[in-house]
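Should a chain be cited, it is by its letter among A, B, C and D, assigned in written order, with residues numbered from 1 in that chain.
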Amino acid sequence: MAGRPRLAVLKFTSCDGCQLSLLDCEDELLAIAGALEIANFAEASREVAPGPYDLALVEGSITTAHDAERIRQVRRESSVLVTIGACATAGGIQALRNWADVEEFTRYVYATPEHISTLDRSTPVHDHVTVDFELRGCPISKRQLLEVVNAFLNRRRPVIPTFAVCVECKRAGVPCVMVAEGTPCLGPVTQAGCGALCPSYRRGCFGCFGPMESSNAASLSNRWQELGAGSRELVDAFRSYNAYAEPFREAADAH
Amino acid sequence: MPTERTIDVEYLARVEGEGSLKAVVRDGTVELVEFGIFEPPRFFEAFLRGRPYSDAPDITARICGICPVAYQMSSCHAMERAFGATVGEPWRSLRRLLYCGEWIESHVLHVFLLHAPDFLGYESAIHMAADHREAVEKALRLKKIGNEIVTVLGGREIHPINVRVGGFYSLARRRDLEAVPLDEALDLARWMVAFTASLPMPDVELDFDFVSLRHPDEYPLNEGRIVSTSGIDVANDEWDRAFVEEHVERSNALHSRTVDGGVYHVGPLARYAHNADRLSEEARRAGADTGLPAVVRNPFRSIVVRAVETVHAVGEAIRIADAYDDTVDPFVPIAPVAGTGAAGTEAPRGLLWHRYEVDGEGRITEARIVPPTAQNQLTMEADVRAVLEANLSLPDDELQWRLEQTIRNYDPCISCATHFLRLEIDRG
Amino acid sequence: MALATDTAPANPLLPSVTTIVDRWDETDDTFTLSLAPPPGYRFEPGQFNMLYVFGTGEVAISVSGDPGRSGRLIHTVRGVGSVTKRLRELVVGDAIGVRGPFGRPWPVDAAVGGDLVVVAGGIGLAPLRPAILHALANRDRYERLVLLYGTRMPRDLLYRDLVSEWRGRFDMDVLVTVDNADRSWRGSVGVVTRLIPRAPFDPKRSTVLVCGPEIMMRFTGRELVRRGVDPASIWVSMERNMQCALAVCGHCQFGPSFVCRDGPVLRYDDVDELFEIREV
Amino acid sequence: DVTYVIDRAAIDRMIGRLRDEGFTVIGPTVRSEAVVLDEIESTDDLPVGVGDEQEAGHYRLVARDADTVFGAVVGPGSIKRFLHPPEAPVLRFVRSGAGFSLVAPAEAPRYAFVGVRPCDVAAVGVQDRVFLGGAARDATYAGRRDGAVFVVANCVRPGGTCFCASMGTGPRASGGFDVALTEVGDGEEHWFLAEPGSELGDDLLRDVGASEAPDAAEERVDELMTAAAGAMGRVLDTDGLADALRESLDSARWEQIATRCLTCANCTLVCPTCFCASVDDQTSLSGEEAVRVRRWDSCFNEEHSYIHGGPLRPSPSARYRQWLTHKLSSWVAQFGSMGCVGCGRCITWCPVGIDITEEAAALREEVAHV
């Protein structure tokens, strides 16, 4: 089957959930394996072929000096590098360390902290190398993952909108939880992609797809305060899975 | 001439982290077996401090994309205990239902996509599909049904959004649950038992100290006392009376022993050993039909136990779904008070224990999380040693594969259980 | 290519499927496609088609051919994004979807009896080419015929052979300029608006057709008015995001106009005020 | 014209008959703390005994008289969802040899709308001019619109953000319906005045056993409607507004609004007349099949104005300006009426409560003083 594009799925600091999304494409998995040569996907195959790769899907943030080097190698070996998930695109939940004393964190978790070596920041892949496309979400949506793979195979621009979760919320016909129930929601400043999951389960969005294209976090923060949120709640809200993404970082730092 | 074989698996990828395996064999004697975890630390326990209690289920889910529901369940139960809140029916059953979905999904994933290829000599399930297309397709179908349960109840299969301390944000509609083809899943799960039982099985018997929950009337998922073969029998908040955690240089994970220094084993074999009598009739029969004994000591045979547990989970899901009433309140209101709560639940890979201290404002002040793979680390090493000793005559590549398979018996977490090992055997 | 026609009648979104008969490169990034026209196809200068690449998408492209010759459907395209780059990869014999023609044409008849002045910037010459060919075919109906053409670099000049043929004609004035010259360039240097003051036309009796980047059209309009051209005799062709060409997708709005329906050719005095406002 | 008096049971018979005839009957129904439009089977599915409280950025369900059937005015959803669906395949192609061919589209459902409001049918009129009034009929819209039935409920009790009286679209429907109902009830009595608006409506009413309305009933309803017109939560002075807004394009107020505007697009998506949509190809993994999918878009989205090189309206102020001036000004030039029917949805469902009536008035004021 020569000539099929070669796929690598690679992991850095993360929970595995985003690459698992590929294995969760139960209906499409065998078709994907037919359309692409799965050259390096440790989660699925013990056969690991060396680069170069035509498409690399990279999960996870950079938290060690070794990984900072490894991602450069990956970039050199990959024609198209797509980062998948909040860890890879924004540093992930583990970027909460970026506001803390990592040594103290280490002492808290590990009995012998001297055995642990880690960078004091968790950073997104685009801080280290050029990224061709970023797929957001904690975790990514498998529908969007399929769209990216599909667009790659059909050589078109992936239809991955950068507008707000509210757009999907309204398309889905979900009554706004903020307006109808007074529940604080990050939907207006968060990028679509999940299909407005949380509001459809009557929960405010907590921003797991990161900032949308033109986030007005200041205005939304004011609204949250009118709904009863304090600064502490605002900081908690913006400092989660995409804490280190700029508009959210600034919004939290403002409170 | 003395010979030395160093087996150095640099990238055992992730065992709830990235792992490595190192073994040294000198003159036919196994000198060293070390299972290390070098997945960069993510410091969950540290940054949970100061966060509101309500964040715990969402944040801890991000520890593992393979079994997020387990993290959500353990953290919810621990928090509810800290607040003295009682979350009874129907939420109790619905949580079991959600957990059953994860068990089905996770067990099928492990059995077919990660483990079965070992038994049949394939690099991956995709390679396996070339010869066993129908089996792989059936497996994917069953896995999908497990995922559908999680999606209907939880919103999505990975990091569900609908779980909260006290219950759920909103209840799935009955008609959405009815659309999940659970009856088909039961047939598929039964077929899975027969399939796994037909796999060529290495012959090993090991003495394990099995640790799992034990519940008076149920095969344990969310609740029960913590018991062991060696006689431990403690409540969830008495963990420290029974176990200790250690941290060694080669690893970024902590690993556990019993207080008297013993190595122990959590997971399907342990659950099964302590609770075979609590299995549903259909699961027990499916196991019995393949001649499964009441206690399984061959770790390779865990693949059959997983299949039997899958039958149990599907049956349980059917019973809960049948009785499902979507008109009740989605959750019990929670009033946070200062307190401490601990809870263990049975993740697909074994006992997952959480403990939190919360202040009067409902903010977390202390957090401890003991995942199954950390507990199995030492037993995995012992097991690898035993398998190595018994198979020294094997050529390098076969030995490598056999050791990988041994690790995968534990389903330590997906990528380590996948086919990741880079093994060097240095004959010195 | 036969199209299954057992479907609902006349869905206006439905392209006709035709084939590429010929293609050639114009510049590094610009190329021309010659298609077999769908049966009965006719267009007027300035109108455009929606070209569809299977599985990739649809784009608005002006018709650049000679309105007097119906044998071939000509489009000149600059490969800038996903669809236009895929168009560039198509080869002779490939299928392509065509819908059109759409839009208001250049008012070539309104210019009859006076001077016809054409001002083009870059790829903007493509939609103007049919107007020029029409005027040349009806040369006796116009007084002077003038083309002012500017591009960024000499290598961006379109239709080189044709333009030099026009230059050689006695009945047409052609002035060409580039923003940035290289060694090979011996012509004038500077933006196209600089050609306006010295161009040979009578501002009082001229109809001016302008197409190029929006900012170029804005300055050209101003300069023409300064030279004394009636704003109502200046016409510009607008570009907007366009997804349906039927005034129902909403993307191509420019103030009160739908570029696909009311344009792309708009009268300058209808848009000059909008040109002065940012981000309309 | 003859009008009738009917009771709730007759409405049930009407719904039953429409369903028997193969219509998908859509009406207001309560879903998670709001009234939405969805399929209904009987009046039991309607928001009986439920009303709403609406303000800028605020919506709450409240209790009404236990047997009030049409006590809640418009919720976030409108008829647009059904006739111009949020996501619809518009064409489907398969590759055949070197080319491709078209696969026939699925048949559109036949809709009957029961309990929708006068502004809702006015909005259908506006969208008709967009989708059907041009040179070409939009097939997706036309397929759903053709033969649709409208049973309107006039607004006895307008909502807190309603201003249909200003827009001339309510509170009493003046056209575009098959039947218009007005609910009259104060605990003692409970009946509906039913006006047929078409032959089909007249048949429907006769069929369900409606009796002719006495003059007193009509007078009673006239009074209620006059009172309702005076009870609008909002007012918009439309006189000369379209012209004034054309002069406002460089106002500083756009920037002020942009400090609050989230560019979340909610206003455009709840608006029953906003029609912007994107069209994208969706391919199968094999590349053998392509579906052209049309999805609701919004001028608040960056991609809406994208041309090679970037969006033409990168700033939120320009996007808000595009929206408001389109609704209240350029729409008139494009389609002969304003693109607003005064339903108030964009005010209620804006998460930060930006109010089109307030902004339009302020802009007009500003232009007047320049």
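Everything that follows uses one rule, which is that a contact is a pair of C-beta atoms (placed from the backbone, for glycine too) under 8 Å apart; a residue touches a chain by one contact, two chains touch by 3 or more.
Just so we're clear, the structure is a prediction, and the values are computed from it rather than from any experiment.
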What is the chain whose Cα centre is as far as it gets from that of subunit B? C
Find the most central chain, measuring centrality by the gap between its CA centroid and the centroid of all protein CA atoms shown. A
Cα centre of subunit C to Cα centre of subunit D, whole Å, reads 39
Report the inter-centroid distance (CA atoms only) between subunit A and subunit D in whole Å. 36
Taking each chain's centre as the mean position of its Cα atoms, how many Å separate subunit B from subunit D? 51
Measuring centre to centre with CA averages, how many angstrom lie between subunit B and subunit C? 65
So subunit C residues touching two or more other chains come to 55-57, 81
Listing for subunit D: what residues touch at least two other chains? 32, 280-281, 283, 287, 303
Touching two or more other chains - residues of subunit B: 170
According to the definition already given, which pairs of chains are in contact? A-B, A-C, A-D, C-D
Could you please specify the touching residues of subunit C with respect to subunit D in the complex? 1-4, 6-8, 10-14, 17, 19, 54-58, 80-81, 93-95, 97, 239-241, 243-244, 246-251, 253, 255-256, 258, 261, 274, 277-280
Residue set of subunit D touching subunit A in the complex reads 31-34, 36, 38, 57-61, 75-77, 81, 86-87, 259-266, 269-270, 280-287, 295-296, 298, 300-303, 316, 348-352
Interface residues, subunit A side, partner subunit B - complex: 11-21, 23-24, 26-27, 29-30, 33, 38, 42-48, 63-64, 67, 92-94, 96-97, 100, 102, 104-106, 108-112, 115-116, 118, 138-139, 141, 194, 197-198, 200-203, 206, 208, 233, 236, 240-241
Subunit C - residues contacting subunit A, complex: 55-57, 81-83, 86
Listed in rising order, the residues of subunit A that touch subunit C in the complex are 154-157
